[in-house]
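One chain, subunit A, appears in both complexes that follow, with subunit B as partner in the first and subunit C in the second.
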Partner chain A sequence: MAVSFVLVGLLGDRLKKLEHGGWVAVGFAGAAMVVAVLVVAAEMLHPSHYSDQSFTWLQLPGSPGAFPNGFSLVIGVLVDPISALMLLVVTVVGFLVMLYSIGYMHADRGLPRYYAELSLFLTAMTGLVVSDNLLEFFLFWELVGVCSYFLIGFYYEKPSAASAAKEAFLVTRVGDVLFLLGIFIYFTIDATAGGGLGWAASGFKFVNGSTPFLAGAMGGSSTLQTVAGLMMLAGAAGKSAQFPLHTWLPDAMEGPTTVSALIHAATMVAAGVYLLVVASLFLGFTPDDRLAIVAVGGFTTFFAATMAVVHPDIKRVIAYSTISQLGYMVLAVGAGFAMVGMYHLFTHAFFKALLFLAAGSVIHAVGTQDLFKMGGLRRPMRVTAAAFAIGALSLSGIPPFAGFFSKDDVLSSVYTAAQSHPAYWPFLILAYATVFLTAYYIFRAFFLAFSGDKTRDPTLPHPHEAPWVMRLPLYILSGLAIVAGVFPFVPSFASLLSIGANGNVPPVFGTTDLILSALSVGLGAAGILLAQALWGNGRVYVLAPESALQPVRTILLNRYYMKAGYDELGLRLVYGGSRIADFFERYVIDGTIRGIERLAARLSGTLRQGQTGLVSDYASYVVAGVVGLLILLLFVAPFVLASVGGP
Partner chain B sequence: MTLPVLSLMLVTLLGGTLLTFASRDRARYVALATSVAFLLEVSALLASYTVWPGPVNGSPGYADLESYSWIHLSWLSINYTVGVDGISLILILLTAFLQVATVVYSWEESKHPEAYHGLVLLTCLGCFGVFIALDVLLFFLFWEIVLVPMFFLIGVWGGPRRRYAALKFFVYTHVASIVMLVGLLALVFYSGAKSFDFASVYVAARGLSATVQTFLFLALFFGFGVKFPIVPFHTWLPDAHVEAPTGGSVLLAGLLLKLGGYGLIRWAVEVLPVGMAHLTPLLYVVAFAMIVWGSFVALAQRDLKRLVAYSSINHMGIVLLAIAVYSQLGLLAAVLLMFAHGVVSALLFMASGSVHHTFGTRDISKLGGIARTAPILATMVMVGSLASLGLPALISFPAEFTALLATWDRIGYWVLVPLVILVVTAAFYLWMMQRMLFGPARNVPATAHDLPWYETSAMAILLALIVIYGILPGFLVNVIVNSPVYGFPGFP
Partner chain C sequence: MTELSVASLLFLSATLLAIGLFGILTRRNFILLLIAVEIGMNAAILNFVYFAGFSGTSHGLSGQAIAVVLVGLAATEVAVGLAIVLALNRQRGSINIGDATTLKL
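Presenting the complex of A and B:
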């Protein structure tokens, strides 16, 4: 009930918002955050507590295959440990980003639109988090997608922004339609599986009253279930920008930095991971699904990190980093440790939002996103520099920052799973390699922006520190990026990460292996040192033109040509196909008709007297024709039909 | 015998139409008054039901049934029989809303306003008649009535190639009408029904052999299908839309295409289930062809109206698919989607019309930055497009979701065809918006302005429907599933 207040509150804000500035939106987002904190507190007091309230949205008639007696679709609010945790992430980051926007967006046009869309996004995201069935999940899933579309295209007069918005919508749409198929399959499985699941009877909800339908109950590893799991993966890959549907996220950086921080780092892109977590808890994955998820996550982690290594744009570096980190979460879920994925999602939301907001502060100050034009910003922007450093250390997995705990947990849980699933090993190795790359690329960005004496491009405006509304979120997020990692060591908080009494979900922590931890910290530290050596103190490391690495760099800068390939595919195959179809339509289908017309016109030369051009005359011919046909039917057809065995 | 409600409504429309034709300067007021009165009557009609009649002894029962003998011979009787069920009620509701919206949208029509509004009303009258007629001849009569005003709307108020488009429209639909009429008459005579009434035809048709049912269904499918319009008999549609005045396009896409869907459900699917079962593969092929073809060709269009016209073919393809799966869920989805498409395509055609007379062109490649120059218009285009591509919380989503679920339930992975095409549908709408609404403003004539009040109001009505029924589709669903067809023996 408390959460439905959140929904209403944010909707209300959307309406009022249109007259006022952003403070109304900030206020409502703050209220939502307070409610979320209360929800979390309640969940911490009652571990493994499920409370669900729903109403029937549609009562549908039957279909002979799986639903002979019809079924109902519901809309409801489910508060359980993981949704409480996710709610906390969404509202805290949402509130801080709203607050930050007051300063950051200050000079832009169309602010009511901005705050309204951002509020709508928060509403939809909240709805997604508390969904108690897959259809409702999908409904809000699409709504957050369309908000993302609007916000990426916020500067719609810029052609690149309009194009990026379209790309984001379309690429995620590919995942979405497959997700929809996955929903159909789950509906079918759960309506026909029997076994006392009660899924269909309850409107396909995840819970029955306060008892969750946990995945173990469904069992089975039929082909259908594998396919459904893969469809969930496809949906998640679209939303969470996993390979091969990752291309939209770097381009989504066309939106305001605040939007990047909230939607494209902390919350919406994490919705894909959240879907996988929810699916693995309530629906279950087959071993084949698991392997596919591990493969996608593991590969994406490494793949995205390589592209971040060379990129000159501060926001895009962080965007690739987001894809890479989401890959870690997907990896953990695939390895069977869904809660570990949630844990990394939780810490990542804070340190990644921090990195984006710090980058936003830089962009706000110098008016460019090009790292090679920046430099020496440490002195004029101490707070920002410190915030970015904290975010970078956390991202690199250096203790005692938050990222260390969760990333270490991801790695060790995959290590644990690989003991029994040898096929996971290559992806574990990729994940470890990524630790090194991550530390390197983020500190490369850090040194390029902040170290040295002065900006490399002297035409940039004189940098200044951000106003307090922007600094305050930086302080808070810095604090969270430091301490969020140890939250789960508090038992009552850890209960948010353990789904319940049934005990068929593995614990939060994989293994606590000091050697593994040392390995990942060592790799991280090595990455930082390499970055320091190449880029520290205002140095710019230029790769020799004849270097053997030059072609690699070109490939990386061109994003493995995947984006270009997709564009080409869309242009040549789909649009080209549609041009051919259009040609066929105009000249073959319609051309035939015109040919017939012309033929008729020529014939009519002999029947000219009848062709008066008046519709009434034609109509009388029609009547004559009907009479003729009737005669044919009544007197001729019976004989024909009688001979073929008619009535 | 209670009040002859349906006849009264028919009289309202008829009187309104005649008065509109007769009044010179006040035509639009008369037309609006008639439309609003009709909408109120429809609302009252909807509100009056607590229970829908179901089938009685294997013959269908309809609400507000009126039957008067019209032509009575020893060997046949033709009656004036009208009645409604949930399916027709939903489409009547759509008619009423679109009528109001069209009249409001055309508020400043300057070329023979009395004739224009009169013809709009006459079109709606014909559609209403089709939806209530439960007698073969009466049905055909109303069916033909619709053609005439639409022919003139296109031919007189249309664009540069209006004569060609009007004639093409007329010839296509008329040929189809004849095949349909022949099919219906053959249905009556072969089945040996003693009356032209739907109920007696329905009962009598049960006795027909599978072969005959198949032939009859084929004829009816062609007859109704051209209105759908089924591929490859669809090329009249884009031409008619491009040349038709905005009001004409709205009625054409919003109502006339629905006549095909309604006719197919009422007179072919309900009456000839065995024949349909034999032709199911054909229906699937045609539906898939419409879905794929409509979407792909739409992607290549530069004229906004043609784009929306081809997207209509795509959507009506999904309607046909939902009918073809032949289940309660599918039928619900088909009717729901017809309603949704009626409202959404009406909004999009109105927006196209407004684009045309604000910017002097509908060529997408020549437009740009409308979001800045005419934000209200851009919002309308955006909401219409998002609704059309199936965004949740807007009206098409529940319809498309149920249609695809019903398809999945019956033919499994074939559902991937419409699902994947949903991406192409999204692509052409998003691409259109990118080029036309966003980017820097281009080709803005000095006279460009945002929408006048009447166009805004007309679109706002549709917008409200799209959002309200998108969030709460339960009302529509409840009305539809109370139709007698849901209780027919053998209907899965």
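Presenting the complex of A and C:
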């Protein structure tokens, strides 16, 4: 499809920056968005249409062994319903965040760097979305990872930002390495699968013409396939900050809020979920894999939400909520409803970006991220407060906001899956508990920031409403956060979410159990009411020091000590490893070299003694040599010749 | 004239060579060293003469001729050796080869 080539071309061009470059970046992001909308429109007109253009850049002949028909590496563009949907999310949020940045980042230094990195990120992300094979996917996957690293460390003078960037890079790297191993396992075990000359010979592509390449060929339950599936999960867990690789995401909030909104909420972290969706549609998971995915997703959902409950930093509360919501998506994919995961990804991108941008607007106005210093911001910042409230309601799953539909879908799909897989039940319960926690923590943040009469910290600057470039994205995202949930009710849009055998949009509201929906709405409403009771009207709920909940709060504030544990582990591991390496270097390698050196020195010292300069000594060497030769010739040689049977 | 056995003649040569070698290895006086070299060399010359005598054909003459050439060679060798002795004596004031150790670094 020529359109997508144009898209990639545009994105590549965009890297050449003008001096400030902000508007240039916005312009190109807008162009990309228009193209993405066209792509989506085209996909909607031709349901379930796959379009694949690829170029082979390396082709190797076959050899007996793993790749009997050889293999080729290709780079290509695949436009299918899910990539079109992702493209839409990435470019729309990307464009709005870029626009917002014009206002938000106005006073910062290093703007060309900022816009260049943001543009590079968008390029990489669109590339990832339209990749038509796993290797290309991995390439862009790493590229978005490095952009994330750059942007978290945007304020690199700040030690905490630099270390957060490093942490993000290292933690995701753990997942990436496993992901790469998983790719290799898939490559070897499925080299000849998929008909024709096989998967390897055709470049490990996701699709063959218009049919998924490995549909049916995969999905068995051999151990290697399970392992490969788990590796995919590990990769996704690294990128999407799932337990136990979640520690980097809250720290990633050291970057500019815009970056948090675009990369660490709406798009890049969703790449992990996208990977799982793609893998589940095109590669297939074994039942064991699915259980592991459900477990990781379900546990993370609850685990992250608990940490959000106590955190004082507005951005980190939203960050934990991102981890938690990503957990829902992973849960849905694991339950076998990949497209439900995509649906939640789609709505989440909008309301989470909205929340972040609203939070950014607050931070821009008052200059702090500490919720306990804010308060009473509703009156001076009406638009922001309304936007945050819409985002929060959507996140809490209150109808008719977008989050309600997708979250309800996730819950009901897991419920459906749990009917036949009893092992899923605990995670479904955790997911329901999270609905309550989610509503509570996000409204706690809302009331702390906006309710009351005045700011709690009088030293804060007088708050003011954001400029129009920041308000416009808020308006648009608010609109999307309200209506995005009903998009799938439009049949042609729903076709974007129906791909593969088990991927139909599962029961949207009304067709499943009303009781389930009522339960989730009820839990959400209860959470909001509790938050209102404890924190509403500018109240600050202080936990009594002797309360039994105090130790729980400490553990939560310290993030279950996992980060400290990782630090310790890293320290031990790296120091221990270094010490072994040091020992090896010093004693084994250096020792060997020094030994050889000393041996040579001693030997030459000994031999030197022979060089007396005395003619008679040399003469005696000659005589000894002749005598030795004679002995050799007369006595040894005949004996040797006789023993080898020579003449 | 009684025929001498090959063995006894070779024994003579071997003895001469051994005496020469012993002299070469033990003497420090350059002139004595030269004399020892000559003695050792004579063992080789004698060998040529014996075997020339034993061979019945006219080829034997070539062995005698080589013996004569070798005598000449020995004389030239002594001439060169004595020249070295003179040079050594003039340079170091001694003809003890123990003093001439400049080959050693």
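Methods note: the second predicted complex is superposed on the first by the 534 of 647 C-alpha atoms of A that agree within 3 Å, B and C clash if a C-alpha of one lies under 4 Å from a C-alpha of the other, contacts with A are read in each partner's own complex, and residues count from 1 in each chain.
One rule holds for everything that comes next: contacts are C-beta pairs under 8 Å (C-beta built on N, C-alpha and C of every residue); 3 or more make two chains touch, one makes a residue touch a chain.
Not measured: the values here are computed from a predicted model.
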Q. Looking at the overlay, does A:Gln53 come into contact with subunit B only (first), subunit C only (second), both, or neither?
A. neither
Q.
Applying the document's definition of touch, where does A:Thr226 land relative to subunit B and subunit C: first, second, both, or neither?
A. neither
Q) Which holds for A:Phe184: it touches subunit B only (first), subunit C only (second), both, or neither? A) first
Q. After superposition on the shared chain, which partner residues are touched by A:Val574: those of subunit B (first), subunit C (second), both, or neither?
A. first
(Q) Going by the contact rule set out at the top, does A:Ser72 touch subunit B (first), subunit C (second), both, or neither? (A) neither
Q: Based on the superposed arrangement, let me know which partner A:Gln532 touches: subunit B (first), subunit C (second), both, or neither?
A: neither
**Q.** Greater residue coverage of subunit A in the superposed arrangement, subunit B or subunit C
**A.** B
Q. Do subunit B and subunit C land on any of the same subunit A residues, and which?
A. 615
Q | subunit C-facing residues of subunit A, complex | A | 611-616, 618-620, 623
Q | In the complex with subunit A, residue positions of subunit B that touch it | A | 151, 168, 170, 174, 178, 181-182, 185-186, 189-190, 207-209, 211-212, 232, 235, 293, 296-301, 325, 327-332, 369, 371-372, 386, 391-393, 397-398, 401-402, 404-406, 408-410, 415-416, 419-420, 422-424, 426-427, 430-431, 433-434, 437-441, 473-474, 477-478, 481, 486, 492
(Q) Could you list, by residue number, the parts of subunit A that touch subunit B in their complex? (A) 56-68, 70, 135, 138-140, 142-143, 146, 153, 156-159, 161-163, 165-166, 169-170, 173-174, 177-178, 180-181, 184-185, 187-188, 570, 574-575, 577-579, 581-582, 585, 589-590, 593, 615, 622, 625-626, 629-630, 633-634, 637, 641, 644-647
Q. Considering the complex alone, what residue numbers of subunit C touch subunit A?
A. 21, 24-28, 33, 97-98, 100-105
